[in-house]
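Below, each structure is written out as structure tokens.
First chain A sits with chain B, and in the next complex the same chain sits with chain C.
Here is the complex of A and B:
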């Protein structure tokens, strides 16, 4: 049998598999759709329904509660520190992995994925073990006023740890695909390193970078496990949004809990919407 | 500006890309680096540019050692194989990039930069397309933008890496002529890398033929074509027939028949008497007159392909012990020899021009022959 015949047969069989199995097709799409509705849309709807169960007034009151506002503020501050730091780290790591050859490149590339494979609770514990009263770094901190655990620095540290793969992982394939010809061309034309980065590299990666930042930010704001371990749950002081939701829920204050949760849900929706727009207009493929 | 390379070696892991290469490039000349894939030609070009550093050896621009001069200060115009245009910039922005990134003290006013970019785009026949983006252009147009961008910084030397490699045959021919004209206008020292012997011979003043990280031959187009220094160079520059022969009293014999006098060129070591290989191009075989020396052959087949008639012939006397028992002959279709090439006819052929080398082992010949075969494939891939 020659190859063209073989191709024809494969084509024909795959074609018939699609056209004949109407029942299969219907079953598959029904399963997929029901799954989507059951596990994604319904919970999302519930969040907003529960949040508004007692009307807009209660919703507004829950959001303007002093502890709630403090939680929002803390979440925004922690993300505002963690995301830019990860932006710098992500660009640097992606740049070096995609454009240079060096010893330990494989190691770096593997280590970047570490936070994906470590449970967030374990991440939190690592930082407790390091900075806790009897931790490794405790002797260094004992003589200073610096409070890391149960304070903003601890929350920022775990947020950075948990979210650092997002931007790097977004950029590495993009930069590898683009190679370094354009950068070399810029250098040969007399541009210095900064001009090359700013005028050539950055414009080429901007949409991937923005997408990475969005994902990183969404995760930084939504992180629960790791933050929960290091935060200490002090109301109005070290409670981030997700932690505050849990506390309210445990106090049977459902309306307020869901109101807070709805903010996080909105963040997720906005992130998805921007992502969709970016993919449509700039052809990002993921 | 003239360029001297001395003792350049470069290794990538276990692979020796360049093995103590020395080369003098004269000011204003158009030089081709020709060789099969992996011969080190692109690495050499990148070392001249400063895109790569040599492990050993030095690069001198006008006698000044460039070891501590980075790429961005060498003032070279480098044209990349795949153009490397800035995708997000218009043509004008691309071409003016080199002028815009200069430090304030050396930067011309914005209007002057703009005018210079537009002037260069006109020079490369892309006037009117200043506000287009690279993705809106054809391959040949992109290549011309890349050239204009490289010329914008008034380079001391223009380096081109396989400049026409990715273009189709017709555009390639046009751009060759155009580059030749441009070189005459600007007079910039120009070095280009190619694996296409036709391109090298047509464009360059001098050709450097590279093999396995070394220079196999350096010379004018006529020199390398007519007096190839090695079987490799001969094979690389065109089709070849290889005939086992004997060297006796300053004459070359195939079997009993004399085919010509042995006159060693300056490039090669003088051969001892005895067995030799004769290399002759299919287009250098013609029918011998009665008084001329030649070898008797029988015509096996004839193929007409427009302007060229190709014939395959075998030796009339099989006692020569030939490893390649057939020869290929090429004639212009209007040549007066053509009617006499009839299948089965016995003819006496003379070798108008041939080269004599020491006999090669079969593997050595295969190795050398493998180079042009690879190039054929490379070209197909690029054209497709």
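Here is the complex of A and C:
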């Protein structure tokens, strides 16, 4: 009796000693959720509330505006070039870094991450310094008709730069974890390099790849600072969707600005939803 | 020493060649242009360009607001990570997905939403106005925007370490007579500190360079609420490339020094850890060590 009582006491005290009291738990949860609601959910809700403030008709009209449609088209074209290029790079980088051992690997990884720590505005600046009127790379283009700044190539270049590490970052840890045993087995059974890649490596990394592409695309379509510096803001021509949002907002055309913004917000929500599903069903965790 | 250890897998040379080429063309060569341009200026002219009052104000505003936001995020990010790893509640999955919203939502969208929300006639702005606090178009607004942008960096840095933290350590502390707060303070917190610091550093670095979410809510009054990235844009619009480059270089330099300090702090916070406990070591680093 005496000893069982002692056990009970130890149990109870050790339980309360490795977790917080009920009140503390409630308090911490409330603080955490209130912070998330106040700082994240409320701004998101504002986007849709403001977009629909004057009703669905105004919303529809704002979405079908010619300059708006041109902005959407330019945004889609720029990402459709930038994302596949970074995809090819991401796979090549992950293949060499995750499957092989070589000197200078850490340096290479660090350089790949570099664009993450460069301010978007500075990204724009470095391409202006390169291709601007007195830019150091401008003489290369002297005898051609190619215009980089204030045109599609400039927008594509900065989009590639700001989303540069996304897919590689997603694939490198994934491929490192998987090792190369399966590839070696396929090779020893007579598959060639491409067959091994298509039938063994690619199926193993497809969900990570999809997630990397989604993140890369969301960032490419939503990039503002860097694109703003190199685009020249020519309405209907070099305005991407985020730049068009800025222009409408600065013209006090709030309903149209938020209508355009709601498209980008939907893109963000779809990205987050797919991420949540991938994490749940395929155990990807970041 | 050989450049590469033998491997039966094919494709190393073309993959590495393409990786290095693409990296050089897109990142290394363009970025080095910034350094050459800065070096071209010379020390005297560089100092001249960044010691103007408008520039020093912009740099001060950028770094102080980023610091304030990173501190707010460190405190609340830690609480949020704790609640999500240790407690269960309804809607956890939904909230967990929402934590990454600042990563996915374009900064301009966040900017106009926050600006509308915190302006004098906005839902939150009008509440704060009643108690005499103005948020939009003041440095406080910048802090709000940077808090939004930086939150996931802290939460996502702390979460994995917290998840791997062995409960046995806490049980051991408790069985040796520590109360809950002593256990948290002496056992749990020191283990989380390196991850918390790296989340803090990421949020801070992101905040210093942030543009899109800030410019709408900041009001951009020179000397008061004008951030350094905006000043770079303004100088570029005036074709003052030297001025823009100098501000960018100063921004990168200060960030670099601060990140080295944070790294040193991080190394100090890991002083009690044995190498086997070091969760932040990646397999590559271990392999190379």
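Assume the second predicted complex is superposed on the first by the 267 of 286 C-alpha atoms of A that agree within 3 Å, B and C clash if a C-alpha of one lies under 4 Å from a C-alpha of the other, contacts with A are read in each partner's own complex, and residues count from 1 in each chain.
What we mean here is this: a contact is a pair of C-beta atoms (placed from the backbone, for glycine too) under 8 Å apart; a residue touches a chain by one contact, two chains touch by 3 or more.
Quick caveat, the model's predicted, so the values are computed rather than measured.
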Touching partner for A:164 - first (chain B), second (chain C), both, neither
second
With the two complexes superposed on chain A, say which partner A:195 touches: chain B (first), chain C (second), both, or neither.
first
Looking at A:44 after the superposition, I want to know if it touches chain B, chain C, both of them or none. Which is it: first, second, both, neither?
second
Once chain A of both complexes is superposed, is A:25 in touch with chain B (first), chain C (second), both, or neither?
second
Is A:187 touching anything from chain B or chain C once the two structures are fitted on A? First, second, both or neither.
both
Output check: A:203 vs chain B and chain C. Expected answer is one of first, second, both, neither. What do you get?
first
Tell me which partner touches more residues of chain A in the superposed arrangement, chain B or chain C.
C
Could you tell me if A:254 is touching chain B, chain C, both of them or neither one (first, second, both, neither)?
second
Shared chain A surface residues [contacts with chain B and with chain C]
184, 187-188, 192
Would you pull the chain A residues touching chain B in the complex into a rising list?
181-182, 184-192, 195, 199-200, 203-204
Considering only the defined contacts, which chain C positions touch chain A in the complex?
1, 3-5, 7-12, 14-16, 18-20, 22-23, 26-28, 30-31, 33-34, 36-37, 76, 79-80, 82-84, 86-87, 89, 93, 95-110, 112-114, 116-117, 123-124, 144, 147-148, 151, 156, 160, 167, 170-171, 173-175, 178-180, 183, 205, 208-212, 216, 229-230, 232-233, 236, 239, 241, 244-245, 248, 251-252, 255, 282-285, 287-288
For the complex, give me every residue of chain A touching chain C.
13-14, 16-21, 25, 28-29, 31-33, 35-36, 38-44, 46-47, 50, 88-89, 92-93, 95-97, 99-103, 105-106, 108-109, 111-112, 114-115, 117-122, 124-130, 132-134, 136-137, 157, 160-161, 164, 173, 176-177, 180, 183-184, 187-188, 192-193, 196-197, 215, 218, 221-225, 228-229, 242-243, 245-246, 249, 254, 257-258, 261, 264-265, 267-269, 271-273, 275-276, 280, 285-286
What part of chain B is in contact with chain A in the complex they form?
49, 51, 70-78, 80, 82, 84-88, 97-98, 101-102, 149-150, 152-153
